[in-house]
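Before we start, here is the structure in question, set down as structure tokens.
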Amino acid sequence: MSTSSVMRFRQAIVAALADEMRADSSVMLFGEDVAEAEGPFKTSEGLLKEFGPLRVRDTPISEMAFTGAAVGAAIMGMKPVVEIMFMEFLGVALDQLVTEAAKMRYLSNGVISVPMVVRASCGSGLGFGSQHSQTLENWVAATPGLKVVCPSDAQAAYSLMRAAIQDSDPVMVLEPRILYAERGTVDTSHRIEIGKARVLRVGSEVTVVSLGQMVNVSRAAIELAGVDAELIDLATVVPWDRETVLESVKKTGRLIVVEEAPQSGGWGSEIVASVTSNLFGTLKGAPFRITTPDVPVPYSGVLEAKFVPTVEDVARQLKESIASGTTPKSWWELEGLK
Amino acid sequence: MSTSSVMRFRQAIVAALADEMRADSSVMLFGEDVAEAEGPFKTSEGLLKEFGPLRVRDTPISEMAFTGAAVGAAIMGMKPVVEIMFMEFLGVALDQLVTEAAKMRYLSNGVISVPMVVRASCGSGLGFGSQHSQTLENWVAATPGLKVVCPSDAQAAYSLMRAAIQDSDPVMVLEPRILYAERGTVDTSHRIEIGKARVLRVGSEVTVVSLGQMVNVSRAAIELAGVDAELIDLATVVPWDRETVLESVKKTGRLIVVEEAPQSGGWGSEIVASVTSNLFGTLKGAPFRITTPDVPVPYSGVLEAKFVPTVEDVARQLKESIASGTTPKSWWELEGLK
Amino acid sequence: MSIQLKRREAVQNDEVARYERMIEIREFEEQINGLFATGAIRGTTHLCLGQEALAVGLAAELRPSDIVMATYRGHGIALALGLSPESVLGEIMGKTIGCCGGVGGSMHLCDMDLGLLPTSAIVGGGIPIAAGAALAFQTQGKDGVAVSVFGDGASNIGAFHEGLNLAAIWNLPVIFICDNNIYGEYSRINTTTPLLDLHERAESYKMPHFAIDGMDVKAVQKGVAEAVNRARSGGGPTLIEAKTYRFAGHSRADQALYRPEGELEMWQKRDPIKVTEEDLLSRGLLTADRIAQIKSDMSTTIEGVVATCQASGEPTLASMFQNIWTPKGAINK
Amino acid sequence: MSIQLKRREAVQNDEVARYERMIEIREFEEQINGLFATGAIRGTTHLCLGQEALAVGLAAELRPSDIVMATYRGHGIALALGLSPESVLGEIMGKTIGCCGGVGGSMHLCDMDLGLLPTSAIVGGGIPIAAGAALAFQTQGKDGVAVSVFGDGASNIGAFHEGLNLAAIWNLPVIFICDNNIYGEYSRINTTTPLLDLHERAESYKMPHFAIDGMDVKAVQKGVAEAVNRARSGGGPTLIEAKTYRFAGHSRADQALYRPEGELEMWQKRDPIKVTEEDLLSRGLLTADRIAQIKSDMSTTIEGVVATCQASGEPTLASMFQNIWTPKGAINK
């Protein structure tokens, strides 16, 4: 049965959690204020009430302990979902995810699986300042044994969350905080496989690969620029969908990655590097990334609005690059900053 | 006065620490077993004796506490050097480096500097298994406010350590553990600036960019392949030396990054992506990376020897790529693995 | 002497000034909510309503050369230490007049001249940093004292445990102040740890410890003074638990509906401002008229501060790119 | 029943078998040093010489369906739980016969049929994981018990603090065993924390706690049994501090020259093997002849194990690429 309805991104997360918890009694949720308070971002509304205090738990402020507890519980047959309120807080718990969870299967000769999910809100745009606004995919990216996904709309939030919970391996779900309030249509029967990118717009002139909150920006920029771009929401950062991206770039001959990550080394570097290595001879123009500048996320609203790639700036770079075949200057280079 | 002598990589570190401690009474060292025991890898031999227990201290097993203590001490006028015995242990302390230290200057309107150094041994090759053998540059790489260096020989170990201590900002020094015992000539008057790559071999056919223990492998591979390669030891991962690398690739038209990092997303992705974006039109062949496979570091000696790029395999890929202009297959693709 | 340092001296020297500063903080925090409504403040902010005595009592016992590492709930401490209301509110509003030029925000207040490190938005993150500041004092042979202020919730995080143990084994001149307002976000303390008298955790490190009445500025001063004396004279660290209460919610959106009935009202009976008023009245240091005057003056002052901050400029794009790296030769002025 | 489960049953049911297992561990660990010299073992390894009683006493009181999370110093616990010496030594030698097929190594031993999670090489890393295993038991309504074994040094790391508090507030069926052998690497406990009786740290979480004589297998059993009973019957966690001593250095290279004179000799007087021998002799369960026989038999056995492991194959390149992701539908068999 397919049911479509309009809901907010955060409600899609609630719905996915609830549907998985109904379907599988081993699914449980814990984290700071996820139970009684129903989540600092209201991403667990109604769950304590429906599933009770054994399966929906508030934790102390102890990210290391509860992330580690998820590892142990997952090994022993549960499917724990834990919430890291802001991605930065993984900085006090990273060990459990990267050095323990991701290696358990390897270190047990294939006997153990760790079907846990770590959810974390991330990204900028809401005035939370430099310690609460980063995207930190790099912390978890190059980790064999760990999967990383990042939804860009309510549908992806729903479908990727379900896929993450159903997955037998540890999965990190990055939730762009600024999207929580966005509405979208969610078809609960629609599945998105982990490792599959979403082609959101078919086009012939250039392939735009994007992720998270940058997907909307990219879409609007493509409209504004009036170019016939193919828009790909990468959706899964690890393992990313080489096939879909390569096929698209084979067709368009051009690649632009639009990302909310520092210019020096975000996830998009890997996409650009890999595509170039593979399709070098067939490219029509320089592949490049549109990123944030190499600065901490500023608090001021004026600055933060400019910090992430804007629709106007992405549109400019789209047009310029198609016209010239070379990499356009960033806005801060144009402004002579840095 | 220039003094050259042959010493081991780890002795070069000791020498650099000692010379800085003599030159500047605000330099201090702490970490697990660095004082009485003179360092688990003997990288602080003689320092307690010479500089006393106020400046050279053993810590409890508390990476978060002592890394954070370095932040506070650095702000208040000391120049602390802390040792993270194995890079993985930063997984329990990353917060202090990335989210606190790197942002202090920004968050104090430029009043505060944090002249601290975090040393960490890293990498594979010694049979320490999957939780003690990783290179994890990504954890610290895309962090505005933080510098990251990685010496590849005794000279670099000496010079980069001095530069790191003298630097007014937080610097992470990645020490390839397998190099500790290697000997090299150290000229104590030789300076290596942070942010400057080292051109170790001048060549015209291809630019090979490498780091850490892969530098020796690359050098030997270039010999074996008999190609006229320019060998660049990147030395600083953040901020990496765009100028030197771009100049070299402009000349050779080809770029190969040889790195000890997973295929999906090591520091080399950033090099390949950035060079391609900038020099697209001038490249003669596909730029690409030679990496480790996307697997946890295996313990078995037989497997570990094959895990990091070998001289033979790098030589093969060098020759193939120059001949074909395309990206050669990795050894595991050739063997039909994965 | 700067205005800021004069403001600091006032709370160090004069108990009426301390009372006035508490009023200032109260008035300041109450303005914040209104400013959210108008959209003048974005992001989030954490008020210290009801916890004014802790901020002021602490500032009274420290020298400007001592170091305080506080948290996102730091407006009161910043004001108590002497930062001007303009520099605090300006920062909260993201304006150039702010202590961080508007790039830091409400959770990151700083003034090194007054000994305030950039407040940390990471729970427990400041604990090891304060220990490190104390380490610098100790190594340099200075008699400075470092203070780390954090919440009850923070006492459950690893950095607390590691930081206290490190301070204990190194005998560092640092004071750990656990501001136990019974809540960490929306969770009451009894749901997150079985131990309610958090100062007892110091036993794990053989560290001196005690609880103080955080609603009484004099009790705060007395407790802090004891710990400061110990630290300054080489006696090492102390864990102080200040029993306080958060009169507002955790952060701006929070209505604090999770509080048991009557709890707020019970604590409001011990409102730190009331406690001090009664004391000063009873000792004839204030009159009811003077109190009314102070309050209405302060109200006017803070309204002026709001106006000043509203008139202050937005940061330039260039300021986003500044202060990431230290210019050569410009270290720790 | 598998040979491994029989080996486990033996230590559960028979005190002479427990003695024999202690001899096995002793003999096994002593072989390791020799194998390093020949180059048959690379990397590092952490012996548990002197700590055999803790391993065996623990295994005796647990069911195979209970869960143990131990550390890099895990050979003895693995053998005590029932892993075959071949699977342990094979792993240490990186051979296919090893419990992890040779890709794990000395610090990562595992056998889920016997309740041994992959031992962790991160100090304190296993503590929250054990709490999580207990969380699974609790949520599933099972009466399983999880055990975390870690060192004195580990009690200074954040994960210890967080893990114990979480277990306490959730009343989890988990036992925390702090193997206090007085050293963390080359540092004596008194240089890294002011508290020497580490079990007292449980007070910070209102958790039951006590110390046991870790050199006496019967004392270990008694203590573990008490905690197991509490956990299994819903009484929640316990912190046990086992007072032990590490007869060898921290890891292979370490000569342990930092030990105060006479300390080793003092503890050797309470060598767990001697303690048990005396007990069993005094109670007529063993004779001097039988002891000599057991020891010489074990020596032969372990020599055979070495030969078997040496003859075992090296892992194939393909095995490096296996067991990273779970094949579809193959979860937690």
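A, B, C and D are the chain letters, set down in written order, and residue numbers restart from 1 in every chain.
The rule is simple: a residue touches a chain if its C-beta (ideal position, glycine included) is under 8 Å from a C-beta of that chain, and two chains touch if they have at least 3 such contacts.
Fair warning: this is a prediction, and the values are worked out from it, not measured in the lab.
**Student:** If you average the CA coordinates per chain, which chain's centre is most distant from that of chain A?
**Tutor:** Of all the other chains, the one whose centre lies farthest from chain A is D.
**Student:** Tell me which has more C-beta contacts between its two chains, B-C or B-D.
**Tutor:** Taking the two pairs in turn, the one with more contacts turns out to be B-C.
**Student:** Distance between chain B and chain C based on Cα centroids, please, to the nearest Å.
**Tutor:** Once rounded, the distance between the two centres reads 40 Å.
**Student:** From the C-alpha centre of chain A to that of chain C, how far is it in Å?
**Tutor:** Averaging C-alpha atoms per chain gives centres 36 Å apart.
**Student:** Report the inter-centroid distance (CA atoms only) between chain C and chain D in whole Å.
**Tutor:** From the centre of chain C to the centre of chain D is 46 Å.
**Student:** Listing for chain C: what residues touch at least two other chains?
**Tutor:** As it turns out, chain C has residues touching two or more other chains at 100, 103-104, 108, 120, 122, 156-159, 162, 165, 169, 191-193, 324.
**Student:** Using the touch rule from the top of the page, what residues of chain A touch 2 or more other chains?
**Tutor:** Touching at least two other chains: 59-60, 62-64, 88-89, 91-92, 95, 99, 103, 106-107, 130-131, 144-145, 294-296.
**Student:** For chain C, which residues are in contact with chain A within the complex?
**Tutor:** That would be residues 42-44, 94-95, 100, 102-108, 120-124, 153-154, 156-159, 184-187, 191-193, 258, 314-315, 317-321, 324 of chain C.
**Student:** Quick check on the complex: what are the chain A residues that touch chain D?
**Tutor:** 26, 28, 54-55, 57, 59-60, 62-78, 80, 92, 95-96, 99-100, 103-113, 115, 144-145, 168-169
**Student:** Help me check something: in the complex, which residues belonging to chain B touch chain A?
**Tutor:** Touch list, chain B to chain A: 64, 88-89, 91-92, 94-96, 98-99, 102-103, 106-107, 130-131, 138-139, 141-145, 238-240, 261-262, 264-274, 276-278, 280-281, 283, 285-289, 294-296, 325-327.
**Student:** Which residues of chain D touch chain C once you look at their complex with the stated criterion?
**Tutor:** 156-162, 165, 168-169, 191-195, 200-201, 203-207
**Student:** In the complex of these two chains, what residues of chain C are touching chain B?
**Tutor:** My answer: residues 67, 69, 99-101, 103-104, 108, 110, 112, 117-118, 120, 122, 125, 127-140, 144, 146, 158-159, 162-163, 165-166, 169-170, 322-326, 328, 330-333.
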